[in-house]
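Naming follows writing order (A, B and C), and every chain is counted from residue 1.
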Amino acid sequence: MIQTLTIQTRGQGLHEFTDAVRGCVRESRIETGLCTLFVRHTSASLTIQENADPSARYDLEQWIRRLVPEEDPHFTHTMEGPDDMPSHIKAALTATSLGIPVVASQLALGTWQGIYLWEHRVRPHSRQVVIHVGGD
Amino acid sequence: MIQTLTIQTRGQGLHEFTDAVRGCVRESRIETGLCTLFVRHTSASLTIQENADPSARYDLEQWIRRLVPEEDPHFTHTMEGPDDMPSHIKAALTATSLGIPVVASQLALGTWQGIYLWEHRVRPHSRQVVIHVGGD
Amino acid sequence: MIQTLTIQTRGQGLHEFTDAVRGCVRESRIETGLCTLFVRHTSASLTIQENADPSARYDLEQWIRRLVPEEDPHFTHTMEGPDDMPSHIKAALTATSLGIPVVASQLALGTWQGIYLWEHRVRPHSRQVVIHVGGD
């Protein structure tokens, strides 16, 4: 089963959509198999992170902004704004696709794992994630 | 076929478990297909690295500790210890899942590729990796 | 269906092979499913990046060379040349495998997404990427 989710971001940072993926798995009625997520953009990515304390996501976002600052005089790809080139770099360093096994009709996530769309552009964007659920 | 491996780490660094994944593929009796690995934690990750010279793994571990040092005054998520926030960042920069094709009943690994659980916490942990092997 | 592509690189940087992957999907005659790519090396990796403006790939390559410079006095794994250890680190930070859903017999890539082999060694190499296409 394949479904495309549209996720509306509010700008840079992590946007959880674990429940929407769970919904896709439920609808597929697949008991054992594999759920694959794929983000259709080069300035946003996917990550699985701690879903308990929001301070972990805050620190992660601030850390990657320090690693890839907008004000890098080496950048030549600047036509689409100062946050565009950093967003491509952040996407290359994080995940474009994720594979999560399905066991007993459930995603095999650990207790503290949530699924996040990582928006790397400053302004809000509408992002597409394709979800494939394949059964054994 | 789905199986959950438990990997006992001895603290920070790379722990090879290629043979255990090979065992799962053998047990599955699948000749052509896909083997997917998924780590159920946000402070450990997966990587495929050179399995010949241990100095490559040593340098990799030391390098990522310099990239994400514990002593970062910006961190606010510090309740679970000074190695916790760096471990979430390292997990975001490396792989949570890996897909390896199965060809002629074997993982399609290159000659020098080994599969590693990357422990990012200082203390030893018991880590779960879910292995899915799907046939064509 | 499984196929192994051989990609001849011209040294460090991104080498596009989207069309070759599209060819594999076409040959598989699979309408709905999952295409998985796996690179069989520890000094090259995979990435999905903007396929429009080459300046984005240029900046990405230059940025990662600054992040992981050859002249790092901490490196002990130096027998295979000064570009070898940086190439293992760059491979660990980027993707060894990618999963791309197949919808209506086409890869579900976004408009600006191209598939690249990322060569991290200075000299040209012949690189193998295993492509698995599984149908529902």
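Observations, loosely collected:
What we mean here is this: a contact is a pair of C-beta atoms (placed from the backbone, for glycine too) under 8 Å apart; a residue touches a chain by one contact, two chains touch by 3 or more.
Here the structure is a predicted model, which means the values were calculated and not measured.
Viewed as a contact network, the protein chains are fully connected, with every chain touching every other. At the interface between chain B and chain C, under half of the residue numbers involved are used by both copies, so each side presents largely different positions.
Chain B and chain C have centres, each the mean of its CA atoms, that are 20 Å apart. In chain B, the residues touching two or more other chains are 34, 67, 93, 95, 98-99, 134.
Residue ranges of chain B in contact with chain A, taken from their complex: 1-2, 4, 34, 36, 38, 40-42, 67-68, 72, 74-77, 79, 85, 88-89, 91-93, 95-99, 128, 130-132, 134-135. Touching chain C in their complex are the following residues of chain B: 32-34, 47-50, 53, 55-56, 58-60, 62-64, 66-67, 93-95, 98-101, 103, 108-110, 112-113, 134, 136.
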